[in-house]
Amino acid sequence: MIVIMRPDAGEEEVEQVVARLKKLGFGVHLSRGVERTVIGAIGGEREKLALASEGIETLPGVERVQPISKPYKLVSREFRRDPTLVRVGEVVIGGEEVVVMAGPCAVEGEEQLLRAAEAVARAGARILRGGAYKPRTSPHSFHGLEEEGLRLLARVRERVGLPLVTEVMTPEHVPLVAQYADMLQVGARNMQNFHLLRAVGRTGKPVLLKRGMAATIEEWLLAAEYILSEGNYQVVLCERGIRTFEKETRNTLDLNAVPVAKELTHLPIVVDPSHGTGKWNLVRPMSRAAVAAGADGLLIEVHPNPSEALSDGPQSLRPEEFSRLMGEVVRVARAVGRYCREPVGALSP
Amino acid sequence: MIVIMRPDAGEEEVEQVVARLKKLGFGVHLSRGVERTVIGAIGGEREKLALASEGIETLPGVERVQPISKPYKLVSREFRRDPTLVRVGEVVIGGEEVVVMAGPCAVEGEEQLLRAAEAVARAGARILRGGAYKPRTSPHSFHGLEEEGLRLLARVRERVGLPLVTEVMTPEHVPLVAQYADMLQVGARNMQNFHLLRAVGRTGKPVLLKRGMAATIEEWLLAAEYILSEGNYQVVLCERGIRTFEKETRNTLDLNAVPVAKELTHLPIVVDPSHGTGKWNLVRPMSRAAVAAGADGLLIEVHPNPSEALSDGPQSLRPEEFSRLMGEVVRVARAVGRYCREPVGALSP
Amino acid sequence: MIVIMRPDAGEEEVEQVVARLKKLGFGVHLSRGVERTVIGAIGGEREKLALASEGIETLPGVERVQPISKPYKLVSREFRRDPTLVRVGEVVIGGEEVVVMAGPCAVEGEEQLLRAAEAVARAGARILRGGAYKPRTSPHSFHGLEEEGLRLLARVRERVGLPLVTEVMTPEHVPLVAQYADMLQVGARNMQNFHLLRAVGRTGKPVLLKRGMAATIEEWLLAAEYILSEGNYQVVLCERGIRTFEKETRNTLDLNAVPVAKELTHLPIVVDPSHGTGKWNLVRPMSRAAVAAGADGLLIEVHPNPSEALSDGPQSLRPEEFSRLMGEVVRVARAVGRYCREPVGALSP
Amino acid sequence: MIVIMRPDAGEEEVEQVVARLKKLGFGVHLSRGVERTVIGAIGGEREKLALASEGIETLPGVERVQPISKPYKLVSREFRRDPTLVRVGEVVIGGEEVVVMAGPCAVEGEEQLLRAAEAVARAGARILRGGAYKPRTSPHSFHGLEEEGLRLLARVRERVGLPLVTEVMTPEHVPLVAQYADMLQVGARNMQNFHLLRAVGRTGKPVLLKRGMAATIEEWLLAAEYILSEGNYQVVLCERGIRTFEKETRNTLDLNAVPVAKELTHLPIVVDPSHGTGKWNLVRPMSRAAVAAGADGLLIEVHPNPSEALSDGPQSLRPEEFSRLMGEVVRVARAVGRYCREPVGALSP
């Protein structure tokens, strides 16, 4: 349920409503818009009944009380009309800029990471991505350099001057990863790891929340709701392909999710065409398509030498290919009324 | 298997190879490119063995003989490198132009059809679509005006000057529908109606082949192969959404299919975001995305009054919305190095 | 809508209601149960309004009038409470007996067919299956012996004394196939070939309707509704596996469909574990499971020499395996209160 | 890779091979069968090359060395031919007995739990299930009584004398839950929570591993491989329905997984038709089908008053329904050559 305050309602009136809602047993969440304040009240059936007899609607400063029709509340457009802007270092996701995050799937060593990072920075990427902890289907696969990987990422971040997004896999690791990363990534397999969601929520750091492989958009938004429930609204959704019967692609990148999310939630949404398709030669066209559909950014795997990558080589771009991608994305972003940072110069050979 | 002729091979040499292949029991298909002729030879195991001992490779004018690795042969890029151009009236699909086909889902009457047709023509559509025979899940639903619908379509085509694409549902109707239509549509439910595929193949008319709701891209190309096997290469593929677990959209429009198809086949591919999403408010963003992904055209449902449509109202655009869509598509097409016909002028109120 | 007559309503009263409904523009369908007659009235919105003012409910002999909540009407349990018994020759499907239909996927020749037919008859099969027309994904595959196959089937039927089920693929072939077959099969790819459904409906012959690869149960029942709408209630549903992301099996045999169908419809349902799994070694356990779930029968592919089969060899059982299956099915059928015909004797070596 | 020792190989020879493999960098796992010992050696590419030059095959007592073709090693039938028996208290899963585990979805209070537990014990259940920690899609739903729930479970276990299986959701809770539970359940959403898998592996307690909603059977076995890699072979697989397009059921219970798993792995497999279908009236037929397909057990939700359940009411059985289910399962188990404990007596009204 949301309580919409009158544009001229004062702070005191807001506080009075909040106090009453808390007394009734509701969780209370404030959304202060440009024009007015909206108060979200989350609670169970018993409280709602209690509420009915209390008459929140008659309190001073209240314009109207309105139920939220969706199962997710804080992430819904009903609760907050204006788009949420998520800040990662100096980069803003969810505004006019189309933000490209790029880097290798897994950190394999300083040389590999640095070459990838310099290439993507030069080509216009705004955030560096790289995995230190890798969720792998088999226990016998490479699982990342772990803390050593985090240290390398931090070192390379200094060199190239881009903020850093990296994955955290389990609640226990959250404090450590949060110490190094500018943005915490929750992977597709962990989209419903509810303890992890709460833990990243409590850090207050921006979170990149990937969609689960068979998650409906509603379940995805409810996963985001776990993070917002901890008071952390800095959440970016990331579409990365869903599981279908089709075999030509590793996953089916579901771009419909972009305009659907734009309608249902105020959170920004970015697209990962590398995992979403699993084939490097589909990454460019699907990146263009994602931006045309309205995505707020892209997450792209780039490796200086994909054929030797320890994970996800077949879907990684070479630096030259990434540079070409950036050029195309710049043009499409412009065609849909947005912008994307242009490459600094030609790549060295 | 394909036989690649030398650039300087003469007609007589081609004929000699063809004759030999036919004698060996192969079906023979010619592809005459700008530089050279390629001969496709389709046949079973026995013939291939026979062939080995015959030595096609040593015939005069033959450069080399090469197997086709895919199960589809005539539709594959291996058989024909250059893109196929499909001609519908004076419109060419598969070239630089992004071709928009639009109109109502079902023909309901002359007034409704004419208003829709005039609106889409004015806004830049190049081909008129409209259903006279409607495949419906329930026997108790509206199934179209049938032959009367075809007559109305033909009449309105005269008025607005656009060629016509319309669906044919069963082999028995093919001659009748082919008499009225400029392009025959085979619907998603009929993608593996093999007798229908052969029947439209034999007409020689251009065919719009929709992807089945749960068809892999490979099965779809094999369905096209049925049509090409009858000697008809004028086939346009149409992605229209696949069936997944997601519930926010009626189907999951699979735009990955666009770049995948571009790689595997020489046939053009267009996208139907109306059926693909099932929601009118997703049609604009997904149209932009389709064009950015490389689609050769769009198929859009437009109705003068969607809330009164006898079928698929929720996914139909009003003329004003369609006009806005065209403006956006023109810009995205330009951004990816193609063009799309611009609206003639503002819509009358 | 259904009109439930009183137990003591006479023929004259039924006729009066029918006449009134027809006059109102409804399609009328009678279901005469043991205790009472139910009249199904199928029609659009306009007629329903007209009806309201006519007061069917007050006619003599009428107990009550009740809407059918499902989109399918004639196939629903609401229209007909008692299970429909389908008769194929002397065999009854839908009663206490679990009916096994078996034979080769495709008829390849008299010798192969006869050996398969004799083996399955000896082992307890009640109906012979075999394909003369084969829907194949590729135009370059074996498509069956066609009319010659039908003739062989008819000849072998005489020898082994089992009625015959075989597939018909297109409306044009219906009269020919109906001449030879005791039961017409509509394949998964044709589940929404609406002209074919109407055509087999008009023959009055029993129909085996396979579920489409991505068809919901509701769509499947609506496909059956097309057949019943032509006055033919002799329809058996056949679950044959749906398409999912799982790769260990060719399809995912959906046994949930058995109890779901039992609840929603009065039509019998059988299961095809050969296509449903695509692997011969899963056929026995899934046959046992199907019967335990409540299936009215099984459709099993048996080939005297699966490794040489022209189609679907990997999922075909050898005669010895089929015989073992029958023994197991007999025991499970008994455990769930049904019976299945026992093997006549040991197989000859 | 596995090293198969000769039947007469002594302990010393086994140790010699183990020592050599460890020196080469392999992880070593022993499987001592009735006839002979098999040594599993898990390692990367470099070690394998080293191995080639070492000649394990020539060591005394070695019969032969053989690669494991599947990506999972320790869970595969190639590594261990004999079925693994999992012991939960005095109950053995994976032998001739079909083991039924039953109880409420969530522990709601002592009264509710005790009534359910007494009813299922009386009806023949062998293990008590009940959730103290509940993974819920929404942060606003009931999440279980947590530690208080564990205490209630332990108390009721004493009363009814059944061992206890309950879910653990995050590595941090493993020690606490392991203190109360006889078997740890890993839920579908956590099937690829790799840190949790390792944590339950290290406890040495039996684990019930549910299949993820969109997990292939191969991924599921690889998840089990994580647990076995920690030295814990007491793992039971649990099929609980996969996600498809079908809407009549909450999930599609994939019984094909039962015979497929039996072929690929030595681990037992049980089936959860309550979550698998989501509808109480499908639980009985699908339980019968699961046992007929070869399942080693069932997991059934029973609630004394389903309509008031705090979670999953629509799929919970009343005690009387459960009792009826047990009677049917006993008969089907017998028909497939197994047994299931019979109800102690009639339920009190």
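Just so it is clear, A, B, C and D label the chains in written order, and each chain counts residues from 1 on its own.
Basically, a contact is a pair of C-beta atoms (placed from the backbone, for glycine too) under 8 Å apart; a residue touches a chain by one contact, two chains touch by 3 or more.
No experiment lies behind these values; they were computed from the predicted model shown.
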Worksheet entry | Path length in steps (a step moves to a chain that is touched) from subunit B to subunit C | 1
Worksheet item: Taking each chain's centre as the mean of its CA atoms, how far is subunit C from subunit D in angstrom?
Response: 37
Response to the item:
In whole angstrom, the CA-centroid distance of subunit B from subunit D equals 50
Worksheet entry | Contacts with 2+ other chains: residues of subunit D | 214, 243-245
Worksheet item: How is the touch graph of the chains shaped: line, ring, star, complete or other?
Response: complete
Worksheet, complete the sentence: So, in the complex, the side of subunit C touching subunit D is made of residues 214, 216-218, 242, 244-249, 252-256, 258-260, 262-264, 276-277, 281-282, 285-286, 288-294, 328, 331-332, 334-336
Practice prompt. Provide the residue numbers of subunit A that touch subunit D in the complex, in ascending order.
Written response: 42, 44, 71-73, 135-140, 169-172, 189-190, 192-196, 212-214, 219, 222, 225-226, 229, 243
Response to the item:
subunit A residues touching subunit C in their complex are 214, 243-245
